[in-house]
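Chains: A, B, C, D and E, in written order; residue numbering restarts at 1 for each.
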Amino acid sequence: QPAPVKIGVIYPLSGNSASAGNYSKMAIEVGADVINNGNAELAKIIPLAKGGGLPGLGGAKIQLIFADNQGTPAAGQNQALRLISEEKVAALIGAYQSGITLTASAIAERHGLPFLTAESVAANLTERGFKWFFRTTPVAIDFARAYSTFLKEQKAAGQKVGAIALVHENTEYGNSVASVIADQFGKDGLPITQKIAYSANSSDVQPQVLQLKEKNPDVVIFISYTSDAILYAKTMKELNWKPSIMIADNAGFNDPAFLKAMGSTVEGLVNRSAYSGGKPGSVPAIFNELYKAKAGVELDDVSVRGLQGFLVLADAINRAGSTDPAKIQAALRATNLPAEQMAAGYDGVKFDDKGQNVLASSVVTQLQGGKYVTIFPKARATANVILPYKGW
Amino acid sequence: MLIDARNVTKAFGAFRAVDDASVSVEEGDILGLIGPNGAGKSTFFNCLTGDLPVTSGSVSFAGADVTRLPPEARAKLGLARTFQVPLTFESMSVLDNATIGALLRHHTAREARAKARDVLQRVGLGHVTDAPARSLGTPGRKRLEIARALASEPKALLLDEAMAGLTPTEVRDAIELVRRIHGDGITIVIVEHIMEVIVSLAQRVVVFHQGREIARGTPREVTSDPKVIEAYLGRRKVRHA
Amino acid sequence: MSITLVQVIVSGLLLGAVYALFSSGLTLIWGMMNVVNFAHGDFVMLGMYAAVMIWTALGGGPFAAVPVAAMLIATLGIVSYFLLVRHIMRGPMLAQILGTFGLALFLRYSAFWYFGADFKTLPDTIVGGSFVLGGVRFEGSRVLAGGMGLAITLALHLILTRTAIGSRMLAVSEDATAAQLMGIRPQRMQALAWAMAGAATGIAGALIANFFYTSPTVGETLAIIAFVTVSFGGFGSVLGALVAGLIIGVVESLSAYLIGPVYKDVVVYILFVLVLWFRPQGLMGKA
Amino acid sequence: MSALLRIEHLEVRYGDLIGVADVSLEVPAGSVVALLGSNGSGKTTTLNAIAGIVPVSAGTVAFDGENIAGQPAYAIVRKGLALSPEGWRLFTQQSVENNLLLGATPLSDRKRIPQLLERVYAVFPRLAERRNQRAGTMSGGERQMLAVGRALMSEPKLLLLDEPSLGLAPAIVDSMYDAFAALHKDGQTILLAEQSVDLALEAADYAYVLQVGRSVLQGPATEMAHNPDVQKIYLGIE
Amino acid sequence: MKRYLFPGALVVLALVYPLLVAGSPVWERLGALVLLGAIGASAWNIVGGYAGQVSVGHSVFFGFGAYSAVVVYTHLGWPPIAGAPLGMVLSVLLAAIIGVPTLRLAGHYFSMATIAVAELVRVLSSTSEFLGGAQGLGGPAMPRTVFDLSFISATPFYYIFLAVLAFLLGLTWWIERGRMGFYLRAIKDSERAARSLGVSSGRYKLYAYMLSGAFTSLAGSLYLCMFGFVDPESGFGILISVKMVVMAALGGAGVLFGPLVGALILVPLEELSNSYLGGRGAGLTFVVYGAIIVIIARFLPSGLLSLFERRPARPPAAKNQPASGHAD
């Protein structure tokens, strides 16, 4: 039995984003379990799912070494160094928050070790000229395009989209996504009539909702973390106001915690997701079952992206046939995974020379009967759009 | 005129603790300030030193109008004081307490420390220089405050009941100490309820009552003033004299 | 004035009363023993979890949760007092920061370990919905919390300023030895103070949980608000916390509505620094 | 007369320093006993040790026949003892009247409180005038009055007074000592530390002299007043 | 002789530490992290420990330092370390602006006001485009010259930090023994008495605050050089301030080596507990970390260095009548 291949996983396992980090951790554990112990159904689609570890390395098992970035760039970087130098991991994956990915991947770059981010979307990450950095997730512009096309389609179908409000939290995530959406919508002639920035982890969002209520836009797009997502949903119900289309940019509104808490009051909520559900027997559906058994909740955007990133990395290591970082790097460069092998709703995985996955994409989903179902693009849709937004 | 307070009033809300008091002290004087409890003596001191801003009136010291100056500026001009409730630096040694005072006129810590030792010796704390200030009893602290003030080499020293709590013998020593301080050319204003101290030290006495001056003169004159006896000394004043 | 503006002010006032409620425990501990409890936010957080647990495990609403949370957090206060605070009070003021910060981390992550990182919320059906009064919408859970906030802070204020027990507690806070000379048992009073503060904080938590999310780190958000409220109003003054809480609530609400939510904290902090500039002891603090 | 308080070989240490080395004394019920001694001789330490606010390191303190050494102050105080301490230790944030009411905490008969308040106000009319003023803003002498008044509020079996005349104007000292005399006549037991020997010996039945932490002399007050040794000790001749 | 034993041993150990752990990047880095923590806490100690003005908003200076360093890179293309002097100058100015109103405040009010100021700056920084808004700013991704201080090993950082710390402690020691040291302690004990002796307490507190701010800012600049990224939370976050306070308090505030000792305990504790427990994701890191702080505070409220002090005779009651009234 060859020595196991160690993969370092850096996530926020404590601090404000710990919820996301812990779900992603479980998703990746599911992925590793599939590779190490096999899953008959998946094996029909994904070669690595046959079990028995990585065939390219003589059946070496994958060993995941998790580290907590504690929500701080310093801890992220310190842990990256530890994983590299003490744990001698073959590659790193992480670190959720873009700022932390930035510092942690810098260490990997200096040590010449592949670093794959499965969920950090900040644009500058792939602009640094790094040679060891890869990103599987779609970035803001992909989301923006998806919304834009979706809304134009709804407009054509007779929905009112004359006034669009953008409500976003004021950290890196919200700001960057909001500005990209605003740009894209501008180009596409979709009018953004109201922009509300607020500080994350608010204690009260009534004033914001009252501002919305006053202007009464047709469409609202929320870019919020979980805690604020919950407050918005609650407050909108309290003040009894809803737009005819309510779009939530993922993050908080996708959090299983949000669904558990607010599910029944946001029926009809439109969301985007890397997780597209899928028909029984498809990769996402099978992984979802496995994941549900472990985590008690459905796969969602965050967890599926983490899982997908991990699968890409495992595939590359397998093809590298070695834990030599340079070989893994080369294998990653050569990655070309087809859409049907995707756990996430991407069109596949293929990196450009900056390390960005050019086949990354998002689907648009809607909350129907307490579950997110894919409604856009048509090709992937599993259900029809139901509008206007129902709410509570 | 070293200290000249004119029409000083200090009000706390509607209550005037010091009410239009004018007191002046010549250089080289020892002025006694007496009066019943709550007459406003300490408050008046605080107005002189700048610990409290006056409500109205003016204070000048060594020819300069100091009415608006903060306490530290007045100290630099040479006005030193002790507090009725001792405020020693409790975490420091006796020597360091005095050194703080000495640093006002000495540049280096070394020089200041030498000066401090000297002063401690003079006030009779030479044997406890290294003890922490908090181990001193109330009278010891008051003595330390005198030392600290002297170490700042003041022109004038305001003593607020510095001898309270001393035994008769110790009071006699303390009177001697004040005489010596005075002998060094330091002007002194002294508040004390022990009449022996006032009678034997003060050249002039001002008597306060309810924030106002009710009498002034030599110690003999004021102690026989019926107003003062009525308001302050009481029937059996002899016992204290 | 537009009806929306009235709505904004009303929601600010209700929020402010809640701020006052969860700040009152902090100000009480300060006033009673000159201790700034950096774990205060985490006490609130545990109170919130108590309410969540009572709902999920027993299906109980606030009428069950409030007394239970009050008792639990009061007990926590007493235990913290005897195991930790009593000892750190012997040290310098910094020891309080050290000790209560450690306690904060310990509590926060014990909750994390036990409850997980998930956000929890109570169904908003617990405190029956909302009602409209003169065009202004009132939400039941907030009215309940705000009303209780007012009532409890006023009660605490009266206890401290008008009763013998309050006077004894204040005596202990100022000089424990002198209090002993009055025949008062300082530790008993201090434990009582921690119990009272704990109870108020637990109640606050249980009520907030009705309209706020609960998570292990929620205390951090709340603690800073509480610190600002308490120093704004004057350390040790429960009435001050009430007034400051109401002011902060309204100012936050108005500035979020009129200027923009991102700037509401900016406005509050600037106001706070201005207040301290003109009244260094806070609105109602003692000089 | 039986001894209400009996101290034997009391020793108190402050870390390495010795506050009181060996003090023995007796306070019979109904008597006024004076504790004399120069600055730093240990009067305050002795009184504080009796009240329990400094720990006794050796010796016994028997109050009403029970050894109270080592008991916490609050327990001792509740047995019927009150101290007006050095440095007053008022509750500066509270009103004058609240300070007095706090003094009455150990009192079991709460109905006596108004009467006791009146009694204190009669001795110190200034306190009555200022009953709502914050204690921390009182003048030095006013604080002294308040400290003594507060000790009177619990109607203790034994009243311990640490330099009650400190900082008081002569006229107030007189009226306060008149009050002590009246209390004495009513059977109040008092242990009194005073710097002012004349004053103390005039008020007391019996006196002890402390010197560097030891009780070195004792006798009836009238004798002590004429005892040359007392003068010697105050002159510091050993 | 004995007095010099502890510092002497520390110096020798400090100089050879990287040799002892050579080959283990994690331990090399840990050494640098301890020193960086010690620089921050020692800087804090000047105003918080010696002058007794407990600032819980020192992150404002740390953030200024970190942002100055990254801003000179982002907007001027200079190496980040070139921003350090700028940060120090700005922090001195900032300290003057913050200090004048807040240093008048007593005790906890000062602490709370400093928190408020830091939070204010944090919120403002997240709205400033110049500072990269909430996204934050990154330093040079790839080292261009040696001045970018982009080392693979932490050892060069270790020696840079050591030199800075040595300078800072030397300066503190010099201050402690001179006029300013005496004055600061006096102000801490009784400001009123100090003023009566001619101590311009406001001025000296301000000096201490400015000096402290300058070095805290330097710590921030060094942090940026090492980690290469700052955003509002990691620059101005309250946790940064609290950690400085906690480190100093843990070792002994107002004691020269207190913050260093605090850093020696806390930083490794933080790193090791995260390394060994963090990956499980149950928050156990902080349960342990918090519990250890609680235990130290419980048994050594005056800090670890109080263990080595000769026990001073404690007064029977710590509290004297506070001199809050005016009537004296």
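The definition used in the following text is that a contact is a pair of C-beta atoms (placed from the backbone, for glycine too) under 8 Å apart; a residue touches a chain by one contact, two chains touch by 3 or more.
Protein identities per chain, from UniProt: B, D = ABC transporter ATP-binding protein; C = Branched-chain amino acid ABC transporter permease; E = Amino acid ABC transporter permease.
If you're wondering where the values come from, they're calculated on a predicted model, not measured in any experiment.
Q: Which chains contact both subunit A and subunit E?
A: C
Q: Measuring centre to centre, with centres taken as mean CA positions, what chain is farthest from subunit B?
A: Result for max centroid distance from subunit B is chain A.
Q: Specify the chain pair with the maximum number of C-beta contact pairs.
A: Result: the chain pair C-E has the most contacts.
Q: By CA centroid distance, what chain is farthest from subunit D?
A: A
Q: Using mean C-alpha positions as chain centres, tell me how far subunit A is from subunit C in Å, no decimals.
A: So the centre of subunit A lies 37 Å away from the centre of subunit C.
Q: Where the CA atoms of subunit B average out and where those of subunit E average out, how many Å apart are those spots?
A: 42
Q: Rounded to the nearest whole Å, what is the centre-to-centre distance of subunit A and subunit D, using the mean of the C-alpha atoms as each centre?
A: 77
Q: Where in subunit A do residues touch two or more other chains at once?
A: Expected reply: 14, 18, 21-22, 170, 197, 199.
Q: What are the residues of subunit B that contact at least two other chains?
A: Within subunit B, residues 12, 38, 42-43, 84-85, 135 contact more than one other chain.
Q: By residue number and range, which residues of subunit C touch two or more other chains?
A: Residues 109, 112, 117, 174-175, 177-178, 216, 262, 265 of subunit C touch two or more partner chains.
Q: Could you list, by residue number, the parts of subunit D that touch subunit B in their complex?
A: 14, 17, 37-40, 44, 86-87, 126, 137-142, 144-145, 163, 166-175, 195-199, 234-236
Q: For subunit B, which residues are in contact with subunit E within the complex?
A: 12, 17, 38, 42-43, 46, 49, 51-52, 70-73, 75-76, 80-81, 83-85, 87-92, 96, 99-101, 103-104, 107-109, 112, 132, 134-135, 145, 148-149, 152, 160
Q: Under the definition above, what is the set of subunit C residues touching subunit E in their complex?
A: 30, 36, 38, 83-84, 87-95, 97-99, 101-110, 112-113, 117, 174-178, 216, 224, 227-228, 230-231, 235, 262-263, 265-266, 269-270, 272-273, 276-277, 280-282, 285, 287
Q: Quick one: which bits of subunit A touch subunit C in the complex? Just the residue numbers, please.
A: Checking each residue of subunit A against subunit C gives 14-16, 18-19, 21-22, 170, 196-199, 201-208, 210-211, 213-214, 226-227, 230-231, 234, 237-240, 255-258, 260-262, 265.
Q: For subunit A, which residues count as touching subunit E in their complex?
A: 11, 13-14, 18, 21-22, 25, 65-68, 70-75, 77-79, 81-82, 84-86, 98-99, 102-103, 106, 109-111, 122, 124, 128-130, 170-172, 174-176, 197, 199
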